[in-house]
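Structures are listed in the sections that come next.
Each of the two complexes below includes chain A, the first together with chain B, the second together with chain C.
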Partner chain A sequence: MTERNERIVLRVDGLVKRYAGADRNVFDGISFEVPRGKVLVIVGPSGSGKSTLLRAVAGLEPIQGGTIALDGEVIETGRPGTERQGRAKRSSALRTKIGMVFQSYDLFPNHTVLGNVTLAPILVQKRDKAEVEAEALRLLERVGLADRADAKPHELSGGQRQRVAICRALIEHPQLLLLDEITAALDPEMVHEVLDVVLELADQGQTMLIVTHEMQFARAIADRIIMIEGGTIVEESDDPDAFFTHPHTERAREFLRTFEFTRHRHDHGA
Partner chain B sequence: MQGAEILLELGVFPRLLQGLWVTVWIAAVSVGLSIPVGLVAGWLMTVRNPVVRAVMRVYLDFIRIMPQLALLFIAYYGLARAWNWNVDATGACVLVFVLWGGAELGDLVRGALLSIPQVQAETAYMLGMTSWQSFSRVILPQTLRRLLPASVNLATRIVKTTSLAVLLGVVEVIKVGQQIIDANRFQYPTGTLWVYGVIFLMYFIVCWPLSLAARALEKRWAND
Partner chain C sequence: MLDWSIIARYAPFFVTGAWMTLFISVFGIALALLTGLLCAAIETAHVPVLRQLVRVYVEVSRNTPLLVQLYFLYFGLPKLGFVWSAEACAVIGLGFLGGSYMAEAMRAGLQAVPEAQRENAYMLGFTKAQTMTRVVVPQAISSAVPGVIANVIFLVKESSVVSAIALADVMYMTKDLIGMTYSTYEALFLLIVTYLVILLPISILGTWLERRFDHARR
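Then we have the complex of A and B:
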């Protein structure tokens, strides 16, 4: 392992993805990397495959070409003809290294908040129950939900549920955290409480790969931002402010304009 | 109250209770065995392999299309004819009710499994759980809760359908009732209604607690 590799948590190289029965690729050789402690944000129009990209990294979708490497070790090599295969056959230990929070419905409804957070570390990582519970309560405290530890998911608001889901991913100490449009299903007033937690994680050096439609948030949190469309990266930047104020490509300009609202007032004055 | 005295006749109640016991025994064993069969069948109905799914489809359709009585005759008379395999009448009943209950419950399990959002299994996968941990700790508990109302309904249907066992000569509660009526035809010509009335109550007493328990659990699990 070279020293350069040690700095890179995730490296995606020449990733090719095709859906079963489709006549063209969703991705045609996408490459990017996420250095340790950095946040990469992926933006792009609906249907551009942002979530699919995240799911491929997670091992939830088979890939048909290219490689995915975690901590310098190749964990996935794409092969053509695998379109109909299910989830990747990754070891439990490997899967705990990548945490993920989904858009919604991912808390286990049959467990309490505390049970949701502690289930996997006890079951999968074989950690001590008391130690895990203590850590879970610290995490819940950090996101302001320690007093809801015994509640069931249905008793929580959408924003609270997403904060619990973040704790549940964090307790396994993942090398990489994947966030797939985690506020897309929330009422607007709950978006902030969730994204504030994510911003705090970024400050603490959590490596993250984020797909989001919240452009203000993307601009605030990203160390690097890429825009994908039509199966390729159309624009990438290490300077989020520059990306949002002076995009290089016409396509990125068009995309960013869709988030702006202007009323063209007519002057009816006599 | 004409004819009601038949119920006070010595031995009538104990004999009815004996008959009820046969009914409850057949139903309980059938329901008990249908649960594992149904869980496995339901799981097989959701696997990726199209051959397995097709086989399960044929099984379910065959059981649904055939009247239970025809299945009972096949099991009781047909098996002996074809392979010289003699099952006794009670055994034939249990066999048919398990095949039937397993198929119907399997279809309920299939529906319940498919109603659990995909993201639940995906989350379990991301947290590193094995397929078995994911199934036993996350998917199955939710499935069972969704299954409950319809499967209690199925259990009561099985209890009621055990009355077909009469036609194979099993002396269960209805048969006992007929025997009592026949034996007392001259002494209590109007006793029929009373005997069947008691049998009705007995079925009710067996099935009603099932419904009550199901309703109570459903309420407790409403939002989990």
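Then we have the complex of A and C:
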């Protein structure tokens, strides 16, 4: 058990999630795990709760059942009747272990690019300012933005802001990085520059839990892929290629077909 | 035409009056800012009971004329045994009126900060205090500045009402001058010029402040 726990960074067990006032659960006992250094990609149709799942792991949404464990330690235990509660009461130290990048590129507008990246490690982790700034510049260099360190967020493009947001999450050395549709609000030509950075992170062994609509990216980056719909996992696979080429379930086949474009020139039917 | 000799003779009275206007305004607006900050903090933090009291205060304050509030403080309260100087009544009255306007401007500023900003701060491990001081308040200020400046100008102008409780501000001087000399045009000319001399710098300062804090906005 202990040995197994060391391999597993995130374990979600029997997670139940219900919105306040809803008559049924968004999730009804979902379980999955993310081993260290691996990338788990969650796909599924809009409204299937992918983002909610990520937000529950992040502590941004209360859960009504099941457990969430980080590094073998249970950090969240769901309780019924907590639908209206706000963010989970997690310690600062625990929160720094899970990094997150959101869909909307929301850097702190009142800080420079460098300030955005260095604020948390200096303020929260109490690290040395010079050391933090040096690391921040190295990170910005890696994502091709070292020359924009003194710029304000509003001076950057959406793709650039998302790359800064990734640096801001990485500098705290999180055990787990959550990426919630980080390219969904970007212009198509900016998607690649952001996803390239994420692919590089995967190569370097960053443990990640990713929600995305970019299927080619999912196929390229996933070590394991799960599709959720209707509150449960409808298909999961350790072989992303197989998931995309030979899905087992009819539902997954249908879902994947929505990403294909074919013109049926002679088909005048439905 | 304006009689410049009258203007020259009575201009010093308006300087004296302007000091009274400034005195009442500065302390009244300071009180309004404090009241507003307190109310906005209570409302944003959803403090039970106090929050309802703030709503009652805001509605009473916004929906009664300053003149009525001043009459209540100056003529009404003494009947209940509270006797305050006209200056104190003017400052409290202006603070009472302005407090609700400032509270609404500041609350709007705080509410303008997207929830995503707090969520990012949470994920990065910020404490609640750090989230407020480093993320929320700086952005709230930049959103609230235009409204607060507008309220400052509004309150300086509104201070003209204190002449009704015998405080010798610029409005009082004007009425006095008209009563004594029937020089209506000259008196009103001096009145408008005095207000412009007081308010134009505030207006310019406000524009500068708006630009100064704009960096914190998207």
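Heads up, the rule we're going with is that the second predicted complex is superposed on the first by the 263 of 270 C-alpha atoms of A that agree within 3 Å, B and C clash if a C-alpha of one lies under 4 Å from a C-alpha of the other, contacts with A are read in each partner's own complex, and residues count from 1 in each chain.
The rule we apply is simple: contacts are C-beta pairs under 8 Å (C-beta built on N, C-alpha and C of every residue); 3 or more make two chains touch, one makes a residue touch a chain.
Predicted model only: the values in this text are computed from it and were never measured.
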Touched partner set for A:R87, first chain B, second chain C, both or neither: both
Contacts of A:H154 with chain B and chain C, given as first, second, both or neither: both
First, second, both or neither for A:R168, with chain B first and chain C second: both
Which superposed partner A:K38 touches (first chain B, second chain C, both, neither): neither
Common ground on chain A, meaning residues reached by chain C in one complex and by chain B in the other: 58-60, 87, 92-93, 95-96, 98-100, 102, 104, 106, 108-110, 119-120, 123-125, 152, 154, 168-169, 172
Contact set on chain C toward chain A in their complex: 114, 116-117, 119-120, 122-127, 130, 134-135, 138-139, 142, 215-218
Residues of chain A that touch chain B when the two form their complex: 58-60, 86-87, 92-93, 95-96, 98-100, 102-106, 108-110, 119-120, 123-125, 152, 154-155, 168-169, 172
Touch list for chain A against partner chain C, complex: 58-60, 87, 92-93, 95-96, 98-100, 102, 104, 106, 108-110, 119-120, 123-125, 152-154, 168-169, 172
Of all residues in chain B, those that touch chain A in their complex: 48, 117, 119-120, 122-130, 133, 137-138, 141-142, 145, 223-224
